[in-house]
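Okay, got some structures for you below.
Each of the two complexes below includes chain A, the first together with chain B, the second together with chain C.
And now, the complex of A and B:
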């Protein structure tokens, strides 16, 4: 696309005529079409976020009377209203989401690391079959799982508990798949063999030799699963009825449901949505300094 | 593990140990798979072939019995107009979401991959950002942006004296819902496609450059065919995700009367299982949705593979 853009915009870009024929100045110019396309994409993606940031600053009356992208004066009030709502249940939801996501992602990453390492480093009967079956879990619609999971957990008297949201999300087929790719790429077989020659146990080889090599990949699995659990709605929506255990997604949905008929609650929902966006966005802004997005699709540097 | 002797073990014990080790490493995953995947699926299928039979007045223990129902739940589900309508709605929705989302993802990935593009790191992160926004929050944000009272779009239309369509009703509702999915999913797919674009070795382009191919030709003739596998994969997963849409319509429901409790097939399953308490019907519907999803997604995969093979054989004949 780039030089197509350059040749099209070349004369219009206002560079000195005559140099347009030679290639070095051409190469320095900006590819306009790709840059503009990407900027439009960025605007589209940032627009709702920008809206909620501004809308959260508006008081109830300002929300309906002033221009959308004009900041209001009510953020402090909105914030304290949200704090006061049902004795601060909002922060309980945020805390629950953090608990589900951190603990769930940690457990999920461990299980993925064990499985990925085993599938990548060992040759054993049933290896491919186990991998295929685990991977097939990706294809299962969550609802065909979630409803019987609910009924089965109800028999074990575990529904409406933290465990009912945590346990079904530990095994992540995509996490196992990524971990297998990373283990195969990051852990050389002769290093494992050398460990065996030295008489180290398989467990020791895994924890002391292989795991440190797999860390960058495991960070990715952790992030992927963290986001998946934080964003999950269906499972907690089905499993929980006590709003003390709701994650933020289910909490906000119920808040909206109650607020639909009372526009006075709109500001509460909007402020809640704004604050709910912050943790994950902050996480990604911080982490992208030392972690590449490409890792998310299983890219491994050779 | 501790206190293991550091003397060289005999080769046979090493071999034995190495033989059981992978199964031990896989034990947590296989246990969880059996408990939270295999068992629920088996239970759902079992439920789908049973129904509750009430004897007498349905009072007392043993009055409600689960009896074999054969295919009854399935025939009921397939003739249930709510489920069929929901399926048609979601097919229409999917026909918008999947092509638009992946078209945009491919476009942005190609643009990121082009030379001399500016602000690439910023735009890449910005387009990826919605991935970090929960579906509920995304639906909520867009839901408010669709509301005439608070939306900037309506404000602009109002000032310009243009007609103001109701985005949360009729045909526009499909676009409104599709837009939420496109907004949330484009970034992740863009990263997947971009990653495979980056994996194309530079030499591949050299010949094309020598031949004087334009960047558009390079994109169409080299880049897109080279990333075809990841395009097929993103299509495959997008189809699965789209057919299971639940969060976005459920969140928009309070804002409009046009989203019924059975708007998507999954909402219908939820409604039957928890609203009506008919878990047997819900199980049969869920099984049908799962089968339809697998059929469609694998059908697509087969079609894509066949096309791929044909292209390769044509290329070889040339």
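And now, the complex of A and C:
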């Protein structure tokens, strides 16, 4: 508390450090309001995660009867039950989710990089129109497209296949939009012009000059798309009928909704949800170092 | 330089046009396979169901009768609920619904009015004798057609804590009048304990209670639908529960929440109006009170009556998209009338069969584990099932159920008038039917 108390002696909590008019502070002051706000935000975000972690350790009889944040004794049982459920179909779901998310995010990122770069660097008729359509796409929640997309893919006889979940997620208006903004900001027009002067082809300029500059932005697009696909429910729900192809989100729902006469398998679902978060956390930890966002970090929300 | 830019754009535009053309061509060949005269030779069917363990039951068919008839069924496990109805209808719109679907009774009219399930009267008509009339009638919707074969049912019953009833000196109510008295007596003896709760989340429970009182919410006369959600019987039920909530004799919190589980598990709520599948729910909701519960028939509206409602239950339907309707209907009939199939369904999936003969078969000679203290559980259950009142579902049960949750949710929370909530439910349901283009007589 001592450091917090110090900040109270400063001019006003929340002013930018280093702008104090009176004598310069000896210690780095902590801005009270932002710190508390951030702490509250962190608690708000982390409490549910803590709940999932702790609830995953509880056995069926402990789940609703013991204190919420008291760890239980059933994690090993929950884990082996989940393992045994329908001959380990959970791991199949996990694999499917990984496939959809990794492949979908990679494809989506490359499409975004191409189109974002093109929209930022070239002047061509209809550019503004394309960009406006794209903006409209950003505002449109992907959820409402799921059923039209299903009807479309049904015409092509592609429903209930891996492709039916992958294809619609390759084009992400938001990704293209981000890539365009990032390319415009990170790739100076002079550099591109210099490349042309030196006789490099447009393709070479893009891959050798522009792309390396766009990497941090593309990592962001990849992460967003990865998380969006990993968490997507409605699209795979509508597209797929074979539970061997379900991603985790749709798979876990079948454990919850087993009809009125069968109780929901809460312990399995919670353990399954807990395990499904781990790859996401790991991904963020690994990719973090490629991810220097600066100008985007404030403007971007998932 | 502008030249280069232009060329780049033109080239990429050409590529995308080519891609689009390719997709159309693909779509064109996709929709051209239409072989309807596949009656002989091996047939393979797909079946959407949420019942756990169904693949094992279907294996019996694939290795036995199905092998003889060259009909192979593949289970595609789904999640239950209204979302599945939407999924079936979406698939039907694209002509891609599976051959067989599991459907709750109240969802059948929706599926029928969207022309998603087929009339299989000529294939399964003989099965009628295996089911109670009230059950069978739910699959015919009161017409000459048969749209599904009943699979499981949920006759409603009264569950109570035997030990705590003794402790508080309560007797098991046989009429709703006594039920209210019991609730009040309990409140007097132990103000912190509730007999039960009125759950505004469970539309199916209220529908079952209204059904017991004689309500028929949807009926047809000629080409017109008649909606009677606010009829005298339903008003009686709404007023009864509304008054109990208002005077504080019972709780007003929803069921199936962690708080509710805790209330059951710790004896804060000592009774539950539920259906035959309650043992499964109690096993997970109130694991510590195993063996302390007992089951009795639902309280009646008058001493001389003996009827119950139903909460839950489902059927097996054949879709209009199926190219092998006869084969699919044959499987649906086998699944829900064959002795071995029903025994397997009871054992693997824990369902309570709609077929009357199966209700007393070998699988139901011992009580559910949770009710080991009540050896005649299933004999009693079969007797109660026989008294199930007929039910009348319409094409927009989902809308009625949603407005129930909203209107009764508000009324239960504010302890206000339940009957006006019922009127809201009636009005919204009629309005929606009209909006959907049905003719409604008022």
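In this text, the second predicted complex is superposed on the first by the 233 of 302 C-alpha atoms of A that agree within 3 Å, B and C clash if a C-alpha of one lies under 4 Å from a C-alpha of the other, contacts with A are read in each partner's own complex, and residues count from 1 in each chain.
Following the convention adopted for this analysis, a residue touches a chain if its C-beta (ideal position, glycine included) is under 8 Å from a C-beta of that chain, and two chains touch if they have at least 3 such contacts.
All figures in this text were calculated on a predicted structure; none of them were measured in a lab.
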Contacts of A:171 with chain B and chain C, given as first, second, both or neither: first
Which of chain B and chain C A:129 touches, first, second, both or neither: neither
Contacts of A:156 with chain B and chain C, given as first, second, both or neither: second
Which of chain B and chain C A:202 touches, first, second, both or neither: both
Touch count on chain A, higher of chain B and chain C: B
First (chain B), second (chain C), both or neither touched by A:118: both
Which superposed partner A:64 touches (first chain B, second chain C, both, neither): both
Which of chain B and chain C A:243 touches, first, second, both or neither: second
Which of chain B and chain C A:257 touches, first, second, both or neither: both
Chain B and chain C contact sites that coincide on chain A, given as residue numbers: 64, 118, 122, 124, 147, 151-152, 196, 202, 237-238, 250, 253, 256-257, 259-260, 263, 266
In the complex with chain B, residue positions of chain A that touch it: 1-6, 27-31, 33-35, 37-39, 41-42, 44-49, 51-52, 55, 63-64, 67-69, 110-112, 114-115, 117-119, 121-122, 124, 127, 130, 133-134, 137-145, 147-149, 151-152, 167-168, 170-171, 176, 196-204, 206, 227, 230-231, 233-234, 237-238, 248-250, 252-253, 256-257, 259-260, 263, 266, 269-270, 273, 276-277, 280-281, 283-285, 288, 293-294, 296-299
List of chain C residues in touch with chain A within their complex: 1-2, 4-6, 8-9, 12, 23, 26-27, 30-31, 46, 48, 50-52, 76-81, 83, 87, 90-91, 93-96, 98, 152, 154, 204, 258, 261-262, 265-266, 275-277, 280-281, 283-285, 287-288, 311-314, 349-352
Chain A partner contacts - residues on chain B that touch it in the complex: 1, 4-9, 14, 17-19, 21-23, 25-26, 28-30, 32-33, 35-37, 39-41, 43-44, 47, 104, 107-108, 110-112, 114-120, 122-138, 140-145, 149-152, 155, 183, 186-188, 191-192, 194-196, 198-199, 214-216, 219, 230, 237, 240, 243-244, 246-247, 250-251, 253-255, 266, 269-270, 273-274, 279, 282-283, 286-287, 289-290, 293-294, 297
Complex interface listing, chain A residues touching chain C: 60-61, 64-65, 86, 118, 122-124, 147, 150-152, 154-160, 196, 202, 237-238, 241-243, 250, 253-254, 256-264, 266
